[in-house]
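Take a look at these structures.
Here chain A shows up in two complexes: once beside chain B, once beside chain C.
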Partner chain A sequence: MSARTWQITRAMLTAGTLETLRRKELYVIAILAVLMVLGAYTFHFFGVRGLEIFIKDVAFTAIGVLTTVLTVFITARQIPDEIQRRTIYPLLARPISRGQLLFAKWATATFTAGFCFLVLALLTAGLIATLSIGLKPIFIQYLLLKLLGIGWLCAMVIALSVYLTPPACITLSLILAFGSGLFNRLLLMAHWESGLDALWVNLLYGILPHWDFFDMGKKVVYDWAMVPWWVLGAMGGYAVLNGGLWLLLGWLKFRKQVLG
Partner chain B sequence: MAVVEVRNLVIEYRRLFRPPLRAVDNLSFEVREGEIVGFLGVNGAGKTSTIKAIMGFQPPTSGSIRLFGLSATDPRARQQVGFLPETALYSPYLTPYETLRLYGELHGLRGHALKAQVEALLEALKIDHKAHTLNKHLSKGMLQRVGIAQALLGDPKLLVLDEVSSGLDPIGRRELRDLLKVQQARGVTIFFSSHDLNEVATICDRILILHQGRLIAEHTLSELAGYPGSLEDYFVATVQSGRDALLKEVAA
Partner chain C sequence: MKAVLLIPGLCVGAVVAGACVRLVLPIHTQRAETLDAITLYDRSAMVSVMGEFRGSLAGYLWLKTDEYTHGGVRLRPMTEREKQSEKVHRASSADGLHDHPDETGVIPEPERDPRWLWGDLERHIQPYFDVRHHFHRPVREVLPLYRLMTWADPTFVQGYLVGAQMILFDNKNNLPEALAFLQEGARNNPKSIAIFTELGRYALIHQNNPQLAERYLLRAIENGANWMPENPFEREGLLHAYRWLALKAYKYGDRAQMRLWAQRGLERFPDDPPLKMLLSK
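This part shows the complex of A and B:
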């Protein structure tokens, strides 16, 4: 990354983080997460024993859902908000290219959503630790993989946001994110049950977004051992390549887009 | 030397199931170094489309635009340009100080130079007492001052201002005129659109009148000195005659 692109990204990132903190969305999400974990906590309070796995499952499901929603909402508004407020004009009036702006917006969304996820995850881990429920070292890998996934998800959403209206972008992004595991299972079922050609299955499997790849929540819940680091490396490769393709797709539209 | 060169500019907007809408029709003009040029026209005349094309936001259907001899879409051309868009709503969750810091950094300023320039502009635009108030709590006039301050960041050699006095009260308008005069004395070229013809008559060297996307008049203010009436009278008469000429053209 050139020094100029870094300067642009840092400036957008500082402003974007301030904006997100002042919008107070993070606090609402954190309160929701605490409430959900406390809901599970009540079982413990009333003396129901042996519910560690249940409590962890609720906690990590809550983190997964809230992170997805938060990431999509934060990212989907990055560029449309600037266009709607007409502040895209003074931004692009500066000596920066549209590619640099798109990259800076992606970095801002990734940093902000990643920060929110870390706050949520560490808060939840702290809460369940008060119940003497420990987390295995795979939790570290869970955090790293989710952060990689957030970068990838932000790339997908920011690309969709230059093609679609904000409500359409949010709806489609949430369908693609939450439905990714389901779509893949449906593909396999179609292959097994109706004999859909393996080539088509592989092709569609490759094209479909895989947000589900980045969630090791269940492995943390069931105390799995750490996965080999090369798996995380491979996932990083997927995130960079596939996320890069999404950004390229967004840039192809945004570079010539008539604004406003 | 021409700072802005517009040659045979045509801008059309595509429309579904209808012929494209021609917003700017074969427009050519120049803005020379150190001039203040007023860009006038009724609503929908094509002023904002032309300004967007000059700033590289709107690709022309045909024709060419050059800033300082470079293509309008070249980021290097914008290094020396300050731009104020028509009614921009700066982020409601940032303060004027943070807003100016953001645009200053995007311009390439940093460190002490950035801080000094931001503070000087906040003071010059008389928004220093609101420097740390969130933009969402500012009046329209105050936000316009923030916009003008961001346009002046980086000591631009060309200022492109769209509806510059929009939202300003009479005192604010007078202060703006003084500020633009100071900029002109520094050698800054100013190209602006406005509906406030008093303002135009007070500060412009030259005016361009656009009607239905075409340039129908181009005069220096000294050329208009002999006109028996105000600039407003001249503008109304010119637009009316332009409208009549267009109607005759359509009828023929």
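This part shows the complex of A and C:
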């Protein structure tokens, strides 16, 4: 990355983070997560003991859902907001290429959504620790994998945001993110039941989104052992390659897009 | 803020989805057929909506119990093609806690997974084990879920039935707690067949009280008189009530009573082999 691109990215990061804090989205999400965990814990006061797994399950489901929603909302507005507020014109009047702008916006969204996720996850982990519920070391791998996934999801959403209107982008992104597990199951069923060739299965698997592969929440909930580190390496490779492809697709459209 | 609006939207969506699931899955729509007042859910629109929510929550927790006992590993019914295949790993229990008739893992085993690296990644990232001859997590971890689901929906009969079994499975000394749980179910579902059959079975096997067992089993048959339940739990409860009454008579040497109950049972369930066997003794 050139020094100039890094400077642009850093400036965008600062502005983007401040914008997210100004919008108070993180606070609302954090309050919702705390309420959900405490809501699950209230059963303890009514005499139901042994709800540790239930509380962890609710907590990590909440983190997963809220992180997905927050990431999509943060990313989907990055470029359309600049266009709507017409602040993109002074930006592009400077010696900044559209590719650099797109990359900086992706980095801003990834940093902001990753920061929100970390706050949410650590807050929830702290909260459930105060309820005397422990977490195993796999929690570290869960955080790392989710951060990789956030980078990948931001790339997909930012690419979609230059092709679609913001509501359409948000809707499609949420469908692709939450539906990724279902698409994968359908491919497998097509192979077993309809004889779809294994080569096609693997090719289509490489193209289809795999947001569900970035979530080890269930393993954290049930206290599984840590996974081999090559798994995170492989998912990192997927995030870079597939995320890079999404950014490339976004750039192909954005570089010639008529703004305004 | 859009994100804030989305959360209530998701909650409403969950309720609507729950209602749809209840329409699609017969077991849920048929569950209320033994309610003392079937109009419990239908008296007003609000009660109806709350009934859907309670039923959906109980159904959700019911599904969760399976996931909890398997440490997050999810199972699914096998397709017809899979049932005929010898390559598919059939789920089976090593500790006798669960029956897994024609079930396999949602994540396929490496031998028949067409995905190369993808399959290995998924088996590492998501909870996975070979479903053949597997062990379960301690029952104690799922007991609170049965408590929650029957609090959420006191008409959730299968919650009482399986919950009581789990209480006893956890510790053989927990018989009073298991009985109390079932009796709570009977109070909340006085028209249920299955709960009274189960109480009769407990009285016969665990309490060694044939008189009490007969009272419960006769109550179950009375609840199922003149109609055939569609709900599989209640239907099985009715069948078992006849079987247990015949077996009780057999155990105490009353062959005439045994044949009488086998005969009556066969009038309701003409193809039941155990009842046929008892009738021919």
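Criterion: the second predicted complex is superposed on the first by the 260 of 260 C-alpha atoms of A that agree within 3 Å, B and C clash if a C-alpha of one lies under 4 Å from a C-alpha of the other, contacts with A are read in each partner's own complex, and residues count from 1 in each chain.
Throughout what follows, contacts are C-beta pairs under 8 Å (C-beta built on N, C-alpha and C of every residue); 3 or more make two chains touch, one makes a residue touch a chain.
The structure displayed is predicted, hence computed values, not measured ones.
*Asks:* In the overlaid three-chain picture, which partner chain does A:F213 touch, first (chain B) or second (chain C), both, or neither?
*Replies:* It touches chain C, and chain B stays clear.
*Asks:* Which partner chains sit in contact with A:V231 here, chain B, chain C, both or neither? Use first/second/both/neither.
*Replies:* second
*Asks:* Just chain B (first), just chain C (second), both, or neither: which does A:V258 touch?
*Replies:* first
*Asks:* For A:R23, decide between first (touching chain B), second (touching chain C), both and neither.
*Replies:* A:R23 contacts both chain B and chain C.
*Asks:* Mind working out whether A:L70 is in touch with chain B, chain C, both or neither, as first, second, both or neither?
*Replies:* A:L70: touches chain C, not chain B.
*Asks:* Does chain C touch more residues of chain A than chain B does, or is it the other way round?
*Replies:* C
*Asks:* First (chain B), second (chain C), both or neither: which does A:V221 touch?
*Replies:* In the superposition, A:V221 touches chain C alone.
*Asks:* Does chain B (first) or chain C (second) touch A:G195, or do both, or does neither?
*Replies:* A:G195 contacts neither chain B nor chain C.
*Asks:* Determine where on chain A the residues touched by chain B overlap those touched by chain C, and list them.
*Replies:* 23
*Asks:* If you look only at chain C, which of its residues touch chain A in the complex?
*Replies:* For this pair, the touching residues of chain C are 1-4, 6-7, 10, 64, 68, 71-72, 79, 81-82, 106, 108, 112, 114-118, 121-122, 124-127, 137, 140-141, 143-145, 147-148.
*Asks:* Which of the residues in chain A end up touching chain C in this complex?
*Replies:* 23-25, 28-29, 32, 43, 48-54, 57, 65, 69-70, 73, 145, 170, 184-185, 188-189, 191-193, 198, 201-202, 205, 212-213, 215-216, 218-219, 221-222, 224, 227-228, 231, 234-235
*Asks:* In the complex of these two chains, what residues of chain A are touching chain B?
*Replies:* Answer in residue numbers: 4, 7-8, 10-12, 14-15, 18-19, 22-23, 85-87, 89-97, 256, 258-259.
*Asks:* For chain B, which residues are in contact with chain A within the complex?
*Replies:* Checking each residue of chain B against chain A gives 13, 52, 55-59, 75-76, 78-79, 81-91, 93-94, 98, 101-103, 105-108, 110, 134, 147, 150-151, 160.
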